[in-house]
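There's a structure below that I have some questions on.
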Amino acid sequence: MTHSVAILGASGYTGAELVRIIATHPGLRIAALSADRKAGQQMADVFPHLRHLDLPVLTTIAEIDFSGIDLVFAALPHGLSQALVRDLPASVKVVDLGADFRLRDPAEYEKWYGAPHVATELQKTAVYGLTEFYRDDIRGARLVAGTGCNAATVQFALRPLISEKLVDLESIICDLKNGISGAGRSLKENMLFAERSTDVAGYSQGGKHRHLGEFDQEFSLLAGRPVRIVFTPHLVPVNRGILASCYLRGDPRAMHAALADRYADEPFLHVMPFGQLPSMGMVQGSNFCQIGVTGDRVEGRALVVATLDNLNKGSSGQAVQNANLMLGLEETAGLMLAPVFP
Amino acid sequence: MTHSVAILGASGYTGAELVRIIATHPGLRIAALSADRKAGQQMADVFPHLRHLDLPVLTTIAEIDFSGIDLVFAALPHGLSQALVRDLPASVKVVDLGADFRLRDPAEYEKWYGAPHVATELQKTAVYGLTEFYRDDIRGARLVAGTGCNAATVQFALRPLISEKLVDLESIICDLKNGISGAGRSLKENMLFAERSTDVAGYSQGGKHRHLGEFDQEFSLLAGRPVRIVFTPHLVPVNRGILASCYLRGDPRAMHAALADRYADEPFLHVMPFGQLPSMGMVQGSNFCQIGVTGDRVEGRALVVATLDNLNKGSSGQAVQNANLMLGLEETAGLMLAPVFP
Amino acid sequence: MTHSVAILGASGYTGAELVRIIATHPGLRIAALSADRKAGQQMADVFPHLRHLDLPVLTTIAEIDFSGIDLVFAALPHGLSQALVRDLPASVKVVDLGADFRLRDPAEYEKWYGAPHVATELQKTAVYGLTEFYRDDIRGARLVAGTGCNAATVQFALRPLISEKLVDLESIICDLKNGISGAGRSLKENMLFAERSTDVAGYSQGGKHRHLGEFDQEFSLLAGRPVRIVFTPHLVPVNRGILASCYLRGDPRAMHAALADRYADEPFLHVMPFGQLPSMGMVQGSNFCQIGVTGDRVEGRALVVATLDNLNKGSSGQAVQNANLMLGLEETAGLMLAPVFP
Amino acid sequence: MTHSVAILGASGYTGAELVRIIATHPGLRIAALSADRKAGQQMADVFPHLRHLDLPVLTTIAEIDFSGIDLVFAALPHGLSQALVRDLPASVKVVDLGADFRLRDPAEYEKWYGAPHVATELQKTAVYGLTEFYRDDIRGARLVAGTGCNAATVQFALRPLISEKLVDLESIICDLKNGISGAGRSLKENMLFAERSTDVAGYSQGGKHRHLGEFDQEFSLLAGRPVRIVFTPHLVPVNRGILASCYLRGDPRAMHAALADRYADEPFLHVMPFGQLPSMGMVQGSNFCQIGVTGDRVEGRALVVATLDNLNKGSSGQAVQNANLMLGLEETAGLMLAPVFP
């Protein structure tokens, strides 16, 4: 059986990635595509690489008839999903790729996003969309909040270690290298090709990145007490991918064992043999996450590295994986595309 | 029904691309992988992006038991397929991705490749693998010779124009921009990242590129008299893709009509509206070829631009498309993967 | 003796390149920097790579006291120089890096730039700034019009061939590969890193690029009759550089001899041995232009390739070279910086 | 007065960078260039971007007449300088860009480089070439050992903090992003363009990188007791540059003050205002190092980021700076070239 989906915000990169994945998905059909500022255009005009597909014309959200839609993917700028989801028919399931429903505490939301939440009742019902850790809740959810792409990467590296108390919570340092598509398609001078193509630069340094809200929420919950990690992302001149280098105190072999054990049956999370570490080129274009662990010459220190594609496993692939669960489909449906290399 | 295939030369880029495509192909199963110098290694060691797949260990060609193999993809360096294919069991079909069987005339082969052909009987039976123009022959063939990647791109742009006598044969100039994966994985100083990442350079300029042998053969056959085009490839710092800018004399609107008409029912060849021209970013990671035509301010001049992914439609995708036909499968099976952008 | 210069439009890439060159120039001193929208900022905020220099604060043009300025570099968007230059004190020399004074015929200007010229008297006095061909006029000029970067590259390849009647004027085809800094620093979606980093695309195809106005003017003047070349630029994912592949009819050895002879004493124009062709990596960051010639297997065909750095020899380096002449300095002063590779 | 220098190992990237710098240096003249495997070739054949220069033909080292040479730059593979320097005339000064004389303790040398040192007497006399910290010793030295490029970057960030006891020595974590030219010009599959252009990968992870020998030596000396930092480099798809993100415990404002104070008069080391951090694009092609400091939302944590060009300030620029001191020239001679951006 094929389910009808709508993609809201189809003119952004995560919107395009949803279309790309769904193009060969056996159980989903794109019934509507919205892009407010580009309404009336063909998707092929906005994303010429998709011109081989037979797709609906872009419309405004207001023009969409949601009565025949089973599930909505909301790939909207932060802040726009809140009122929107509230006003959708209750029969329509929602996977939100934005940040509006990631934080459970309205005060935390306001702190990180600078404005009060306008749909706090909905916020309470949203399930955090880190599939491999909230699978059962996601299956029964009406509204799933996709995670931040950095938040997904680092959580895959650290959650089992925190749960198993294998890591010193006071000295977690995560240095990330980030593909530039994570910044989206909006026009900023420092995102021009000429500015980025030979540059590497950190951003939101010093504990200012919004994904820290997710880390605080999730890691504190796991640890049973407040946890504050150090987390610094860096733009590297690559389109897709996040490589998280996590510097930890603890026993690296025990960490490796915990990760390998926890992810043994996961179709998309792979732990490499001890001492091997992944690189970004291993996952681009796919829903896979590769994780490695090594020790250091200094006893009691470990390096855990995780990598995934920010547009795919970090966003649109995760969204489809969650949609599969919500719609009763095979969890891996449409998501076994192999990474593209070179 | 699933067919068993072997990939010879699996440690090169076209070998990896075959594996990537077949990973989600519904009708093919990889039964053997060879890589003489890396025999004994896991594919995951040679291409870590494929480590999520359950693949046979790399072996030498001599170690392969061909009795259970339906079809062989030979992705070997030029010159190695000739004797090899001669010695395979007659029941095994072969798609050769190399240059050994592209030229029908042994003298032409020797001229362009610098050594006499050692399997001239086989050469006579090989079908030229430009699917959209040799489809019926390919269906019944035992041995199909994959085309050069440049040769495929330019032929898609020009064949209907030559057939329909829409272009001046004395003034065809094709300037190509080529992704660097086309140079393969062999070790050359000028293929190092630091040498190529900010450089653009022509190669085999002045009518020396071997793919000219294919152009001479095919275009002369179509025109019924010798045709010699000017063809110059240029390396650009991109992994995948060929963009061919073809400068022609003739009526651009008639050219557009001929191409649009000829490719109207082709699943992988798309002609854009008149005046629109494709870019490389429209096809990477896919089996599609996009073609556009425009006029010039100078009357009687036209620009035809074609683009495809050299590793996919230009090589491994074409190979799978041909294998589909040879094995009686749906021609598009496994090949509808959408391009990856950004 | 040190001359005081002002740079108008210092927040763009050619403005920054002027500052970079002048930083080690023995005879020029930067007395004023303007950038209307960024007035009040430090240059280090706009271009952090220049923060080691002691530079004036950015101001509006209106704030500049031109009384102590010997020469102005105007690196402004097209159209803004006309009225500006008209209103400057007559004692101030001007090198205009924009397009306002490149075309001598006001009708041609209006045709290519879409608006009538507002300083047609000045336009008559402007000298076309292709240094190696207008050197004597430049020495005595008050106003020099910098050439288009594509226009400079192709003219270096073709002028001696047209002058010496060595090339068929009806079949000149110039295919250019262009670094992306040529598009400037303005905000366009298709100039974002994620859009350009793996793409190659033509633009202004079909005879629509404004630099054709310069080609028409200069080549027709040289030939003594109208000349219309075919010229197509292509964006490649490189910051700096233009590589022009010029497909010509004529005797390649005679062409090589003419170029080698004409440029034998030029400090910045180098002709490679016959059969060798340049690549973009040979000139980046410098004021040099490298030129090569080869034949083709088809008799009577030639390929002439020229490459230069669009921001330097194609714009700001040329501007300084012209300023040196206008101010009575050594022509090469400050311009012998070697290319940066890798 | 002009001094004659020889460059040994001129066919590598640091050799080319030496030539580029010396090309506009007022006090140095290149009298000999060696490249054993490319002896007999012109430098223009090995590095076409240098073809505008009038340079000696490449020779073997044995062919060089050292009697007229004032100073030798040895840019040789690790291990080759030891015997060579021993056999040079005592009147010839030497700047070694390799690793042979960086470590004072022969046991440490053998531990990190896997073979005993063959010139231990010389090793004792060599001065560690971190100019800003060994300036007086370098002035009088005959043999200066250039530092590792990573070693230079991190030491600029940390030395004043360790000297002033402003940082917890047990928790220093340095995550580096490294341009690929640092890997040199040797042929390795994982250094091909197609392998690196969209990848980011760590290397020598887990405390295995040889530059740790330098950190151990220098930081332990400064601290007066053994110091072992965690240091992990990562290859990013950029030609030049190192960006070191140093995660520290201590008071960030005190760190900033110490760095700003220590480097206030340094021509090449610049400390940004507190809270601003540098990016790689600020220094490419130059001898400058930019340093920034910020705090974290977690009290008592600091991030110090330093960036320099590995081929220039990290190697060849440092070498020229040291040569300037050894020859009695102005320390900044030839080194004030501004960074190239974009």
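We just call them A, B, C and D in the order they show up, numbering each chain from 1.
The rule we apply is simple: contacts are C-beta pairs under 8 Å (C-beta built on N, C-alpha and C of every residue); 3 or more make two chains touch, one makes a residue touch a chain.
Source: prediction; values computed, not measured.
Of all residue numbers that take part in the contact between chain A and chain B, over half occur on both sides, making this a same-residue interface.
Per-chain CA centroids place chain B at a distance of 39 Å from chain C. If each chain is reduced to the centroid of its CA atoms, chain A and chain B end up 36 Å from each other. Work out the mean CA point of chain A and of chain C, and you get 45 Å between them. Across the assembly, chain B contributes 13, 181, 194-195, 197-198, 237-240, 279, 281, 284, 342 as residues in contact with two or more other chains. Taken as a contact graph, with one node per protein chain and an edge wherever two chains touch, the assembly is complete, since every chain touches every other chain. Put simply, chain B touches chain A in their complex at residues 13, 16, 19-20, 23-24, 47-53, 181, 198, 239-240, 270, 272, 278-279, 281-286, 288, 290, 336-342.
Across the complex, chain B is touched by residues 13, 180-181, 183, 185, 187-189, 191-198, 237-239 of chain D.
Against chain B, the residues of chain C that register as touching in their complex are 171, 173, 175, 177, 194-195, 197-202, 205-208, 212, 228, 230, 232, 234, 236-241, 243, 245, 247, 275, 277, 279-281, 284, 294-298, 301, 303, 305, 342.
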